[in-house]
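Sharing a structure here in structure tokens format.
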Amino acid sequence: MSVLEIQSLSKSFGGLMAVSKFDLTIEAGQTIGLIGPNGAGKTTIFNLITGAYTPSEGTIRFEGQEISGLKPWDICLKGIGRTFQVVRPFLNRSVLYNVMVGAFSRCESKARAKAEALDVLAFTGMLAKKDMPAKGLTIPDRKRLEIARALATRPKLLLLDEVMAGLNDTETREAIELVHRMLEEKKIAILIIEHVMEVIMSLSDRIAVLHHGQKIAEGTPDQVARDPKVIEAYLGDEYVAA
Amino acid sequence: MSLLEINNIDVFYGQVQVLHDLSLSIDDDEIVVIIGANSAGKSTLIRTLSGQNPVAAGHIRFGGQAIENRPSHEIVEAGIVQIPEGRRLFPFMTVEENLMLGAYNSRAMPELKQTLQEVLELFPRLAERRHQLARTMSGGEQQMVAIARGLMAKPKLLMFDEPSLGLAPLLVKEVFNIIPKVREQKIPVLLVEQNVKQSLALCDRGYVLENGRMVIQGSGEELLRNKDIKKAYLGA
Amino acid sequence: QTGEINVGILLPLSGPAAPIGVNSLNGHKMAVEEINASGGIPTLDGATIKLVVADSGGDPKNGLTQAERLITQDNVVTIMGAFQSSVTYPSTQVAEKYEIPYIVPSSYKPEITERGFKYTFRLCLTTDLAGREQIEFIDRMGKLSGKTVKTLGLLYENSDWGVSSAALWKKYAEKYGFEVVMDEAYPANSATLDPVVRKIKRHKPDALLFASYTSDAILLAKGVAQQKINPMVYMGTAGGHADPVFIQNVKDASNYYFDMAETSPDIDLPIARETNAKYKKLYGEDMSDDCIKCYTATYVLAKAIEIAGTTNPKDIRRVLANIKMIPGQKGIITPYGVEFDEKGQNKHARGVFVQTLNQKRVVVYPSELALPGANIVWPTPTWQER
Amino acid sequence: MEYFLEVLINGVLTGGLYGVTAIGLTLIFGVIKVINFAHGTYLMIAMYAAYGVCVGFGMDPYLSMILIVPFSFAVGYVSQVVFVTPCLKAEKDVREPVSVLLLTAGLWIFVNNLFLMLFGANFRSLQTPYSGAVFEIGNMMISRTLLYAFCFSVLTTALLTVFLKKTNMGRAIRAVGQDREAAGLMGINIFKVYNVAFGIGIATLGVAGAIIIPMFYVHPFAGDVYDMRDFVIVVLGGLGSVPGALLGGIIVGVVESFAGEYLNMSWAAGIIYIIFLLTLFLRPQGIFGFEKDS
Amino acid sequence: MKDEPGVGLSRLKSPNWYLPILMLVLLIGNPLVLDSTTYIQVSILVLWYACLTASWNFVGGFAGVLPLGHAAFAGIGAYTSTLLFMNWGITPWIGMLVGGVLAVLAALVIGIPTFKLHGAYYALSSIAVVEIIRIITENTQSIFGIQVNGTQGLLVPLKGHAPLYFQFGEKIYFYYIILAILILIVTIAYKINNSKLGYYLVAGGEDQEAAESLGINVTRCKLIALSLSAFFTAIAGTFYAQLVLYIFPQGIMALNLSFEIAFIAIIGGRGTLLGPVIGAMILVPIGEISRIYLSGSRFLGIHLMMYGAIIVVAMLYKPQGMMGSFEKWYWMLVDKLGGKSPNAG
């Protein structure tokens, strides 16, 4: 059974078709990349999966169960975690507090939540900053916090929206490392949006390319990178050369 | 004497020191790049220059005039203009209104009409959409508006904070094409970027910031060849 | 320490009713000054009265606290107050508990004297009596003049006072055979009362009965004048219509208004007019209804203390329960005497009718209280005739 | 039919008056993101000022605007400098600073009672030649002062809308409302803009004060009468929208007029609140409001 | 107070334990020591306000919204118990609970639509709700044959000293009752603060969308908070009715009271456990004392002026409320006494 199965998903805002007839399947343990020009509809797909928006059309199945129409919190409790492109930490609270909020989704007691949160913080390398208020974090750190918080809800599928933007190459490498560890230790499937090609190319098992809300290509990183439609709409010719 | 001189400044957030004894200078017509790990303090430096963070010690001079701890609007008045991280457009205003606000200082205001003309020539795509609300523009277009808005201020120094952040590769290229165009207008540029390779290739000089301290400086080429930098930032 | 006698005054000295509170307080003050100046309480070696003033802010729970404080901290021998029935009602309970007399110069709510309290004495009318007198007056005047009123329009602010007044108007209207064609409650602090005015215009009642505070009395009078509405009779129920400010604000639109007051500075009672003249010199305006009642109440208390010859509240109460004073007696400037029934209600309290003529309030009824030459204008001339 | 028309016209005109009392509230909210609880108090100050000028110098109330509007502007400007700015500086990361809201509530209580102390609690009315005058159209009588008030409020709304759209300061005011930090980076002196915006907001109350006094009374608490209604109006029109305030005012005026007519004035306020809630549930950002602002 | 070594009575040697207990003892002993009825009456009002503000804090503080219409619940409590008592002779002790339950129902009905609104829009909608409830009550003379009496309000039938009917000859009873209610509210607040619900409320208040993505049904949490808040506010409403024995819409379900509750809580420190209580303990006595000593003077309204000025000054110097300073002083004291403060390391 696939972890996630999206069929013919569409969403319009007024007259604008932000996503149209989008299909995608994710198998357990896979990492799928989602790329496309700015405004192509990538984040909208995340919002549809997580229930922040209701689809105009189409179905979304999570572990075989229809989830479109469910509320965001129910979807989270079913096992889908997400990060936000524009990060949204609880600014006035500590890093630990932020992650504990996530951890509470799987337990009732404060002590358990705290232990769980500390685990996740250690895993994501944020332990040193656990008592810092979230508003004191830089944007990349906030993104890391966002991952930690989502991880604390023990998702089976994690949606990462541009969590590596703003990292330099070395930091990017570390981040990729983190994702790899997530895949191995936590055995989660990942759907990742990223404009940084190194990340997408090295992480993804498959890549879907979105343009004006429509999927214009899907395949292995190599296939996608050579696809002329993708080059024209997204990558530019430099990439062919490279 | 350089256009901008930063001498030994310390900057804090509350109790936490973020910039330590930091010095830097920029000359006329230069493109200067600052690179550094995240949390190094790059944005803090830019924000400090723009008067958004107070300076605890040290001095900043621009065109010979002391500007540390001046409010943002006076600094814009003096000629330092920032294109902030994340664009920060006025979402419920049209592109044109955003651009006009860019010229909200006594140097630029009188020539507003003419500058607007020039800037729109530089960004023909914006000319088509001058009456569209900023929030409905795509990410790349928004970045263009932000840059154009910066140019509207007739800056004597233009600072970019990670202008390529979150842009599709095609647009990243576009942004890196625009920066030399700015220099062509005889406006020096201070650029903060994570896209180390491309920005070092483009700049005249670069600085490396680590934990709030300037650790290396040199010409773009020198830095590109520097082993430490390769290891730390280029992932080689 | 031969003698200061603490007397508590509980009034709304802040909030919307503050002006009335101040007027009332001035009445108390002037009386006390006079009493003290003329040698205090003779039977207590000339002990003087000292007012201890407390502000209720018009809030019942503040009324409670302040009553408690006046009694237990300032050791007052009697409380007077508290204008709003909503404050008087709970604060009299405090006085009852401590067995301290509580004189109520101007709260109309009938229930205040219906609880069998032994320490509560009300000087003024109740809503019930007031409503009956108004309707009776309209009935009688119609019969006397031959120009009878058939339909009534009731206009009242929608709090306790207005609503209970209206209920009684309705009750007595039925009894006297008037038809109520308009029954309109409105919030006192409105930005506009135009809709109410238009309704008057539409229903054309012969007589308008008001229970209004000052602000709404002003707006309604202005509106009626503007729309040139011609009822036969305007009838106020003191409150806003008795506020001297009413005339100042609406000028000649105030003419011909009747007002069922309990008293007036110009009644045919020399001492009342003298007192008013003196007051006017001191405070720059005529005594309001409430001011007069508070003034009188102060004298009633002084007399009671004098008779009791002690400041023991229980003795004062005993005297009050049996006191009998008549208008014209020193300090009694109300047109009616003071004598409390077993519930503590003044048996003699009644209304007088005042009409505003040439922007002056003139007592016109009952005729024995009216000055010579004060004639009722009935019905009100139309706007064209004025 | 004519009767219906009279009710409607009266509602619209009264609504226009309400609108002008609410413009300042919406403008100030748009910029500072604070519900100004002292709004009615500023109106009351303007009313006293207008009354004072009219009685003192025998000036015509409409003419008195040339003094009252600048005076109100100054009052607003100074309040911002002395009270609001320091409080805003202390809470610069908060989008809708509750402390400033409370500060204005404190000012509301303080100034109202200060005026009570200074001027006493008496009601005062201004008599003008046209105070009671009406235009008669058939059986309809339309108050002249109300009609004038309506005209002034439309004019004020139009002027202010043009000002906000077309002038540099106007754009700066809107910019500060949308992103204050970014506005600072444009070279806008945001604190000056706050001062000016607060000044203009209160200056509109100068207009309101001058057009109200020929038909209303002056009293230390006279402004409070408009407070809650203004809150409703600005939310209906969309917090931050100037034309919205006029429209919201007219809606409230008309509803109140009809409710007063067919039910009674005690219910009118309730009906307005119910319409207010329904509007909010259907369109949480108000009629003219922006989505993100809600 | 956590991680304190020692067990049983030996714990009491640490100021972390004996200070709170000492304060509790002070509160309990207070009326016995200072035996003045005015003082007790003021204390009752202080505690009454503290109950209201502490209840308000469940939503206004922990959940981070700004309700400005809480008097509606107090009104529901006061009216329910009084009507039950008047019409069916049901003692207010039971009526109080019924009122609480009705207030919870009202909270749910009001909360479900209004919690869709944010910021100023929510605040203003809560004003509308309390106004609507007041206006409906004011315009209802009777309903289903039950006399509501509109603006005239209800008089609680007098029973003299009748503890079974929540009426007492002495104020001291009221003092202990309201103190017990307050302790109950604060205890519940403490528990919530340290529970999943507390974390969820804070998260939902800071960023609803983010919270929902973490599995939090924010609206449900807010509704729980509002229900608790409404319940205890209604109880305080009944208490008021029994204390004053006269209720009417403008008195117990008006905007003034709603604003007062919110303002006192904010000045004390919204969102903190004891801030709202401290707010009441400071502001209410100031209000009462200034009313006693300043009113009735030549200067009308001077005590209200002072009250307004205090709010202004408090917000200029302590925009986050007074709790911050109190906490600091408290822990300094604990440190001095050799206890363990949370920032001691």
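When the chains are written out, they are named A, B, C, D and E in that same order, and each has its own residue count from 1.
Please note the rule applied: contacts are C-beta pairs under 8 Å (C-beta built on N, C-alpha and C of every residue); 3 or more make two chains touch, one makes a residue touch a chain.
The shown structure was predicted, so the numbers you read here are calculated from the model rather than taken from an experiment.
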Shared interface partners, meaning chains that touch subunit B and subunit C: D
Top chain pair, ranked by how many C-beta pairs fall in contact: D-E
Longest centre-to-centre distance from subunit B, chain (CA-based): C
Computed distance of Cα centres, subunit D from subunit B, in Å: 42
Inter-chain centre distance, subunit C versus subunit E - centres from mean C-alpha coordinates, in Å: 38
Interchain centroid distance [CA atoms averaged], subunit B/subunit E, Å: 51
Where subunit A and subunit E are represented by their mean Cα positions, the distance between them in whole Å: 43
Per-residue multi-chain contacts in subunit E, two or more chains: 138-139, 300-301, 304
Contacts with two or more other chains, residues of subunit D listed in rising order: 113, 116, 120-121, 266, 269
Residues of subunit A touching at least two other chains: 91
Chains that touch, pairwise: A-B, A-E, B-D, C-D, C-E, D-E
For the subunit E and subunit A complex, residues of the former touching the latter: 194-196, 199-200, 202-203, 206-207, 209-218
Touching residues on subunit B, where the partner in the complex is subunit A: 13-14, 16, 35-39, 43, 85, 138-140, 162, 165-173, 194, 196-197, 231-235
Subunit B - residues contacting subunit D, complex: 50-52, 71-73, 76-77, 81-82, 84, 88-93, 97, 100-102, 104-105, 109, 135, 149, 153
Residue ranges of subunit D in contact with subunit B within the complex: 168, 171-172, 174-175, 178-179, 181-190, 290, 292
Residues of subunit D touching subunit E in the complex: 29, 33, 35, 83, 86-87, 90-91, 95-103, 105-114, 116-117, 120-121, 228, 231-232, 235, 239, 266-267, 269-270, 273-274, 276-277, 280-281, 284-286, 294
